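Labels run A, B, C, D, E and F following the written order; every chain starts at residue 1.
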Amino acid sequence: MKLVTAIIKPSQLEAVKEALKAAGVAGMTISEVQGFGRQGGHTEVYRGAEYQVDFVPKVKLEAVVGATDADRVLDVIVDAARTGKIGDGKVWITDLGGIVRIRTGERDDDAL
Amino acid sequence: MKLVTAIIKPSQLEAVKEALKAAGVAGMTISEVQGFGRQGGHTEVYRGAEYQVDFVPKVKLEAVVGATDADRVLDVIVDAARTGKIGDGKVWITDLGGIVRIRTGERDDDAL
Amino acid sequence: MKLVTAIIKPSQLEAVKEALKAAGVAGMTISEVQGFGRQGGHTEVYRGAEYQVDFVPKVKLEAVVGATDADRVLDVIVDAARTGKIGDGKVWITDLGGIVRIRTGERDDDAL
Amino acid sequence: MDSGNTAWLLISTALVLFMVPGLALFYGGMVRSKNVLNMLLMNMVCLGIVPILWVLFAYSLALAGDGNGGLIGTLDAAGLKDLDSQGLLEMAFLMTFASITPALISGAVADRLKFSAWMVFVPLWLVLVYCPVAFWIYGADGWLGERGSLDFAGGTVIHINAGVAALAVALVLGRRKGWPDEPMLPHNLPLVTIGAGILWFGWFGFNAGSALAADGVAVEALVNTFVAASAAMMAWLFAERIKDGHFTTLGAGSGVVAGLVAITPAAGYVSGLSSLVFGAAAGVLCFLAVGLKYRWRYDDSLDVVGVHMVGGIVGGTLLGLFADQALVGDDYGLALGGGSSLFGEQLLSMAVVLVYSFAVTYAIAKVIDGIMGLRAGDDIETTGLDSTQHAETAYQTF
Amino acid sequence: MDSGNTAWLLISTALVLFMVPGLALFYGGMVRSKNVLNMLLMNMVCLGIVPILWVLFAYSLALAGDGNGGLIGTLDAAGLKDLDSQGLLEMAFLMTFASITPALISGAVADRLKFSAWMVFVPLWLVLVYCPVAFWIYGADGWLGERGSLDFAGGTVIHINAGVAALAVALVLGRRKGWPDEPMLPHNLPLVTIGAGILWFGWFGFNAGSALAADGVAVEALVNTFVAASAAMMAWLFAERIKDGHFTTLGAGSGVVAGLVAITPAAGYVSGLSSLVFGAAAGVLCFLAVGLKYRWRYDDSLDVVGVHMVGGIVGGTLLGLFADQALVGDDYGLALGGGSSLFGEQLLSMAVVLVYSFAVTYAIAKVIDGIMGLRAGDDIETTGLDSTQHAETAYQTF
Amino acid sequence: MDSGNTAWLLISTALVLFMVPGLALFYGGMVRSKNVLNMLLMNMVCLGIVPILWVLFAYSLALAGDGNGGLIGTLDAAGLKDLDSQGLLEMAFLMTFASITPALISGAVADRLKFSAWMVFVPLWLVLVYCPVAFWIYGADGWLGERGSLDFAGGTVIHINAGVAALAVALVLGRRKGWPDEPMLPHNLPLVTIGAGILWFGWFGFNAGSALAADGVAVEALVNTFVAASAAMMAWLFAERIKDGHFTTLGAGSGVVAGLVAITPAAGYVSGLSSLVFGAAAGVLCFLAVGLKYRWRYDDSLDVVGVHMVGGIVGGTLLGLFADQALVGDDYGLALGGGSSLFGEQLLSMAVVLVYSFAVTYAIAKVIDGIMGLRAGDDIETTGLDSTQHAETAYQTF
């Protein structure tokens, strides 16, 4: 089993989700995160005092997939998340020791 | 060292936390996430316009444990998180290269 | 490639971010989490009813770095995040299968 | 009515109307975020259902003429028939009271009531409980009022009535899944504070408006309302500081409301520094009373019983002790030497309302439960009422 | 003016002013969190821009004397010249109306308008659209008013006017990126509910204050305002329950506003239970109207057209049918036997305002677009207006 | 007092009371989420502590009779003794002013003051600073008032007084840990906007209510209040647009408050378009003043000094220039040809209050610090005051 983790722009979430659905990915988990990178942040001003805000809102998406699917899923995400502008984010892959579906106790591929 | 990651229903958090405490797990980290899976989402309606909401609120729980404890901890979580209804979530295990306690610099088992 | 994950005190975020920047880390992703550990929680009282709150606010920081940088980055984080008080948090390292920059499709070290 | 009195009653009507969204926020901030919209809507919809029935017939039933030996009003003013300007304005002013009273009950049924059941409960309760009780005390020849019972702005008619009704529904409805073992904490205390602020502001219309004129009685009512709320806030804060170790925001807001409830029956009937007594007593006693639900294990989720029923009883009782001769006439407060007549009538009217409202509300709840079910159901309770009952989410992340 | 009338108009002015932050919250809760500050500021800034112009000259233009055969006011009262106390107070009261009218338009341009364009649009629109339209109906010898058209508190001058202007700007501006395919959900419905509550509260000043006295007309206006809002809330709730399956919080708030809009032109001109008709009609028709934007694909983001334009037309039309002889004189409602004269004038004045406001607003928007651009731009739209236009973030995590 | 004046003062009292929760939200939205409840409670508790002391003796001390050659009131009206209806009502109206004044100070001590120290500070400050200062200017024969100093609704007594007191406490208390290097950003700007809206709304009661009648002076005060706030909003917005490049929501709200502060001493004393000058000056000068804390490194966390002290001085000075002969009599504004007498008295009274309030507040803070400690402590500051001082969390996630 592999865990595919993506950091994407919030505006691309809808597209990525649809693409993953279409690619047969049955489940995923997302969360709100904030990213620091080349995109840079922006300046905010409160009563005349300037603050450099380094972090920008991003979405983190995690999907556990079968070992052989990981590369394909990564490509699907990369395609759907790309706007071509700086800050599009990253996708990375981690090996998992195993996964269990809590409801049934099924393991690994059966747990997806 | 292993990292046990669980996606559970928010309503089970209390039970899972207590079970982990009872099982001697000394630390964990949780966060709010949103899940997509078989459970499906629901429909929302705003001024007559319907929206399919695919994501449902979940809690992500992460606990770093000694390599030999991982399976036991996983079982504890599965037991405590199970309601038997669809959407109970997943638990998975990842290998860690090592862990440090920031306060003391202790490593691995000593860091837990 | 390695993923360095740190759970730190929110008050140390600014310092850690600056230290990582100084150490040449080009990107990172953070999120709000809640931690359970030795630090313990606190008691809250609502209309005379006491509740034990076990979780305290923490920040999770994730940075993907080259394999050879991981230990150095970990040390940087540990140094910057340390206040010496209980609850300073943990840092751990995971191996990654690979990472892609969405915008360009660049991989691994080039993706950072 | 001259223009000054009219102006005061117009704005007082607006102020009391504003209390309903205030109450919605006060309660809404106290529930978990998955149920906040349900709480807001239970309150707001009272401003939809009640006024329609009120102008059609309920106002008449609650206040007009005499039909049944002081037991219930006639239909003489149904459909706003024959109301002159002053009559219309008083009708509107009282419409806000009739709207907020069932809304108060919603706090006791938080997190688990089927919304459709609420839509049925509110009109039934208005007609079967609120109208008769209001008539007994305020109606042309309502029997409790005739006997000499006093209730300046609705301590008995509104707060005790809603408070004990809340107890009845909470008992029929049962406890929330997991209560009291699982923590069910207020999701947004700033909302609670906004709500408390609006309630205090609006309560000046509620109490001082009940003078039905911009006169010395209104002034007295306003001063008493102000001071009682202040004293109750401090009393609650110090009570919790002593018992639990902290001054809390929720305690301050709760104390304010407790004080406002307690002074309501007495606002235009007591003078001088008596309001300090009302406030201090309400602050301490309501603070103690909200703990009873854990002992007796009824799930009055947001403490309608502890604050409104108990606060109302505190106020109604103290009125029997401290009513000022200059304001109420010969049967004045027992503690001021006015004899026991008023005190007795106060106890009587409160007892009558406690029993009647409890019994009829219990019956209404049972009937609704039998016919359509009161509870939303376990799964819905776990998931939250907002997304399941209303197809909405209060706070969107993306 | 006696002290009672003065008091009522003072507080009514405060109430209508308070509607602007209320509207800001009502709208602000409906946009996504990345744009909420922009929405708040578009509204609040109307309370900055308009009053300055109003006291300098716009009040005079909108209401003073006669200069141009009933087409526009003179500059006789510019700079508050020669206003006595009563004149000053009415000027201030009407200043709140002039401030909230452009603010209403902001709902249609949510999420994509360049803020600097808004800063230019508001003063131009005030002078070129609001002032003439107000003069035609309310001015000393405004031609529509002279012909016999009625508009008690601004159904045509304010709501139809702003509603159709919203349509014009929305058309020039174009649809939001991704609309209607991507969901753009309200980020904070409790804020929307606070907003709706403040609007209802303030609307008592808006409508009953428009009697310009604390008298029987004000009472009638207050009662009608109250009941129409209640009826519209229930009508909208049941309409959506039937069509979509749920009673919603957003529906309740929207219904309230729809009912308030519809009763605005008629508040002091109809009596008895007519307000129930206004409310019920507005609740159902506005609910249906907000769906049209999906059919015709104009992005009226927060339904200014569906609620204010349509609600205003519903109210203006029903006024032609139900105006009460005792309140409006011989040309009363068609449905009550008053002949078709009023009804015809209502249709005429509404048509005139619809056409004039649409055309001139469209032209203003086009000119601004040509000179400085109306849209903030794609990237800004994606990132959000708050951080890009205002260098602020609404909610801070750390 | 006739019913119209009574109505106006009743509602004005309610309006000013409502400003306290408004201020709580205005400030509460500006702090970080870990400290919002502490900020709310510091404000709300002023509505608990002050009214109790006020009715017991502080009102008498601040306003009654003459005891000490114009230096402090007597205890003749302690316990509300001998107050008739009008006296009672004015007492209640002024009670709201006394309550909000210490609340204003809370903004300067945000994020680090021990709550128990606040509970001690407020009553001491009320008695030792507020009461004498109020007496000097408003008391029966207060020496500054007798000399000819003017302060219509509390520019000097309330805003300069609270503003300079805020400076004194902030200096004794010291800077927040990490300030100004670490960003400490407003956690919820919509809350700030709600707060600003409520403040503006309530300020009509504050200023126009200070006419103590619904008459021409009240009208003048209302118009001036309205226009000054508008002008200050625009002035602040343009000042920050020019200096920092953006129009901001926080800027708009801050400008509104700055304008309201500046017009407070002058609301019923100036006429025509002078209010535009007050507003514009306050908007620009307060905007510039809030930056001084970074230069001089005093941590006036939410700019009480920059907005209230500076805004009050701007208003008090301009009043010396623009007071209208028709409204203030022979010693009118210097710029209007009224001679320098008023101008001199304005400078004197402001200087006296600045010095007295600073010195005594500094001493109070030092004494409290010595006895019980003012600061909550480093760890508490890091963790946040809500969970540590109040055992509550503002926003619950689960």
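Here is the rule we use: a residue touches a chain if its C-beta (ideal position, glycine included) is under 8 Å from a C-beta of that chain, and two chains touch if they have at least 3 such contacts.
Fair warning: this is a prediction, and the values are worked out from it, not measured in the lab.
Each step here moves to a touching chain, and the least such steps from subunit D to subunit E number 1. Counting every residue number used by either copy at the subunit E-subunit F contact, under half are found in both chains. Subunit E and subunit F have centres, each the mean of its CA atoms, that are 34 Å apart. Centroid to centroid, with C-alpha atoms defining each point, subunit B and subunit E lie 50 Å apart. If you average the Cα atoms of subunit A and of subunit C, the two centres end up 17 Å apart. Contacts with at least two other chains are made by residues 2-5, 7-8, 11, 183, 185-186, 188, 194, 244-246, 248, 250, 391-393, 397-398 of subunit E.
Contact of a single residue of subunit A with at least two other chains is seen at positions 31-32, 34, 44-46, 85, 94-95. Remark: subunit A residues 1, 3, 17, 26-32, 64, 94-103, 105, 111 touch subunit B in the complex. Those residues of subunit D whose C-beta lies close enough to touch subunit E in the complex are 2-8, 10-11, 13-14, 17-18, 20-22, 24-25, 28, 36-37, 40-41, 44-45, 47-52, 55-56, 79-80, 85, 88-89, 91-92, 95, 115, 119, 188, 191, 194, 389-396, 398.
Listing the residues of subunit E that touch subunit B in their complex gives 180, 183, 185-186, 240, 243-246, 248, 250-251, 254, 287, 290-291, 294, 303.
If you check the complex, the residues on subunit A that touch subunit C are 2, 6-8, 31-38, 54-55, 58, 60, 70, 74, 77-78, 81-95.
Contact residues on subunit F toward subunit E in their complex (touch as defined above): 2-5, 7-8, 11, 15, 32-33, 185-190, 193-194, 196-198, 200-201, 204-205, 208, 213-216, 218-220, 222-223, 226-227, 229-231, 233-234, 237, 244-250, 252-253, 255-256, 272-273, 276.
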